[in-house]
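I've put the structures underneath this note.
Next come two complexes built around chain A: one with chain B, the other with chain C.
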Partner chain A sequence: MSGNGQVYEVFARKKRADRFEHVGAVSAPNEQLARVYAWQTYDEAKWFEMTVAPRDAFAAVNRPQAPFTLGGPSGSAPTADSR
Partner chain B sequence: MGRFTDEELQRKVQEGFIVESEEDMTETYKRALITQLTVQGDTELISAPAYFMAARDAPSTNTMVSATAIIQDELGHANIAYRLLEDLGVDRHWLLYEREPAHFKHPYGFDQPLMNWAELVSANALYDRAGITLLGDVHRNTSYGPLKRGLVKVSLEENFHLRHGEVWIRRFAEAGGAAKEAVQRTLDWMFPMGVEWFGMPDDRKHHNAQLDFRLKGMTNDQLRRTWLKAVVPLCEELGYDLPAQYDPDTDEVELTYELPCQYDPEARRWLFNETITWKQVFQRWKARGPMNEQYVDSLRRSRFAVERLLAA
Partner chain C sequence: MTESGFRSAEDLPEGVSEHLGDLILALADNKRLLGIRYSDWLLGAPSVEAGIACSAMAQDEWGHARILYAMLRDFGHDPTALEHERGAGEYHSSELLDRDVASWEEFLALNFLWDTALSVQFEMLAESRYEPIHYKVRKLLDEERFHFDHGQGWTARLLSAEGGRQALTGAFGAAWNACLCWFGAEDDPLIGTLAAHGIVRRDAAGARARWLEQVGPLAAETGLAREADSVWASTREPVWEGYLARRRRAAEGGPDEDSLARVRGDRNRELLMD
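For the complex of A and B:
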C-alpha cells in the first residue's frame, strides 16, 4: 500500500461571490477518497464550496512548469534520513 | 535543481525571494527544508497519541469533543507537512510506518505520558504556545512558498488549542485547592520541557542553514525568549509557581535555575541541582523518552492489523 494513489489539489471558497482559493492538497487512491480527505483535512472554515482535481489535470499557461509540482523529476530526492 | 549557488540563493531569500520549484533550490536548501518539515510533521503527529492518552480523562462529553477536535487538527497539520515532504521526494509511507520510533524528530517533551485532564490542558497552554511561537515565525518568514501557504490553516487552529489550554488552566487556578495543585504539579515537570523545546542555545549551534536560507526568522534563543515572555507572566498572574521570574520593568524573563539540567523520567522530576552539558541533553533527546515507542506503535497498529485482514 505504499504510494497513495495520486495527488489531488483542493480549492474552496467561503461565500457565493468569493473566488476559489487553493487551500492545499491530499494524496488519495481515488477521487471519492480524495473528496473525503479534503473535506476532513481542510476544515478550517465553513466552506460554501470545495472542489478537488487531480494535480496532473493542471496545464501551465505562461510558466514552463505546471503549478503545484515542484518541476523536478518526481521521486528524485534523497529518501531523507536527514538526521 | 540548481540555477543558483548556496551563496546566491542565501542572498536572494534574504531579499525576499520565494522558492517555488526544484529549480529554485540548492541541495543544501532542500536538505534543510526536509529536516525542518520532518520535525514539524513529527511533532504534530506525535501530539495526537499524547493528547489522546489524556483525552480519555475528559470530564464530560463536550470536553471530550473539544479534545478530539484538537487531535484531529493535529493529524491534519501532520498531513500537510508530510504532503509537502512527499512533493520533495520523501516517501510518506516510510516516514509514517517504516522509521524506527527513535528516529522521529519531535521534541522530547512529547515522549512523556500525559495522564489526565490537567496535563492535557497544561500541554495545550505550554506546548501549543511553543508550536505557535515556532510556526508563527516560520509562517511570517519562510522562503518556501508551499509551506507559507500550508501554514494558514495551521496557525488558525493552533490558536484555538492555545485558548483551550489557557482558559482551562485559568479555571483550575480560580477553583484553587486540589484543582490548582493538579496543574501546578504538571507545570513542575512540563515547564522545563517547554524551555528545552527550542533546542540548543545559540552559542552551541554551529550550523544555521535554516536561518541562512530564511526557512525561519528567529534564532533558538529568540524563540525561547518569546515563549517565556508569553508563558511566565500568565502563570504568575494565575498564581502558579515556575522556576522563572518576569520583570515588568525590563520586560524580560529570567530562569531561576541553571540550564541545562537532568531529568528523571520515572520520577517525572527535574534535578535542578544536577547540571549537565548540552551534549548530555542531546543524548537524552536522542535516546528518546518513555512513551516514544508506544505512541508511534499506537499510530501504526491498526493499519497493519487491517492490512493483514485485507490480505488474508
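For the complex of A and C:
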C-alpha cells in the first residue's frame, strides 16, 4: 500500500455544553477512513461529538508555523502510531 | 398498515418462529465468524489505524453475535450449546467465512460486500413485528455504520490504484454470488414466510435491491453492478445451485477445523474448571 495518505487532527467533546478538545491525530487515505479511525482509535470517552480536519487546513496566526507541526514542517504530532 | 406486534417467539404464528430462529442463528454465526476474520488483520492491516479499526470491528461483531445467541433462548435454544458445542455442519454461516482470508482485497470483500449484506438484513428487522429485536438492531446498526465506512473508504482507495482495482475485481467477483443468494430466491421459504408476516420489512428482491443501492456505486467499477434509471442492479444473475435456504450458504460443509476451534473457544474452555 503506498503511504497512509494524510494526517487528520481529531477533536471531540463529551457534552454539548463542552468546548471541543484536541484529542489526537490519525493518518488516513481519505476523509471517510479518517472518520472511522478517529472514532475507533480515540474511544476513551463516550463522546457526544467528534470531528476531524486535515492537518494542513490549519493556518498559523501568530507563529511562523501552523500548529500540530512539532517536529518541523513535515509534522510529527502524535498519531495512532506513537500513542 | 396497522399490524400488532409479537412480544415473544411463542406468540408468532405457526411456522414463523422456526424461520425467524433460523435467520437469527444465521446472522449470529456469520457475525461470530466475521469477527474472527476481522481479528486476523489486527497486525497485518496496511496501517496501524486500519489494525485498530479491525480490532474494533472484531469486537463489535463478537458483541453482536453474543446478543443474537442470547436472543435464541426465546426460540427454545440453549445459547451455551449454540456457542460452544456445535459441529461444522451445524453452522449457518456463509461459505465465504469457512477459511482464513488470504489478502486485504479478500478482507474488503467481506468488510464491504458481506458485512453490508448482513446489515441490510438487520435493517429489514428494524421495524419487525417481532418486537424484542427492535432496540438491539438499532444499536447494532449504529456500530455497523463505521464498518460500512471502513469497507467503502478502503474500496474507494484501492479502486484509485490500477493494481488495487484488478485485485478487488477478482476478490469481489468471488464473493458476489454468495451476497446475491443471501437475500434469497423469489421462492425462498424462510424469507418468503418472514416477509409475508411482517417480520422482515421487505422480501428477498427488496432487500437485495437495498444492498445493491449501497454497494452498487463502487461495485460498478469492478463490473459487478450497473445503474439504470437510478436503480442499481447486478450484472450477474444469482446462481442458486446447491443453495441451502435454511443454512443460508451455497453448499454443505462449514467452517474449517481451525476456525471451528476458534469460534467455539475450544482452547479457552479447556482452561475452565468446574
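Observations, loosely collected:
What we mean here is this: the second predicted complex is superposed on the first by the 71 of 83 C-alpha atoms of A that agree within 3 Å, B and C clash if a C-alpha of one lies under 4 Å from a C-alpha of the other, contacts with A are read in each partner's own complex, and residues count from 1 in each chain.
In this section, contacts are C-beta pairs under 8 Å (C-beta built on N, C-alpha and C of every residue); 3 or more make two chains touch, one makes a residue touch a chain.
In this text, all values refer to a predicted model and were calculated from it rather than measured experimentally.
By the touch criterion defined above, A:Gln65 reaches chain B but does not reach chain C.
In the superposition on chain A, A:Asp43 makes contact with both chain B and chain C.
In the superposed pair of complexes, A:Pro54 makes contact with neither chain B nor chain C. Of the two partner chains placed by superposition, only chain C is touched by A:Gln32; chain B is not. Looking at the superposition, the partner that touches the larger set of chain A residues, chain B or chain C, turns out to be B. With both structures placed on the common chain, the touch criterion links A:Gly24 to chain B but leaves chain C unconnected. Annotation: chain A residues 1-2, 4, 26-27, 40-41, 43, 79-81 touch chain B in one complex and chain C in the other. Of all residues in chain A, only 1-4, 7, 22-27, 40-44, 65, 69-72, 74-83 touch chain B in the complex they form.
Within the complex formed with chain C, the chain A residues making contact are 1-2, 4-5, 26-30, 32-33, 35-37, 39-41, 43, 79-81.
Interface residues of chain B facing chain A in the complex, by the touch rule stated above, are 1, 20-23, 30-31, 34-35, 38, 72, 76, 79-80, 83, 85-94, 103, 105, 149-150, 152-153, 156-157, 307. Remark: chain C residues 46-50, 52-53, 55-57, 104, 146, 149-150, 152-154, 156-157, 161 touch chain A in the complex.
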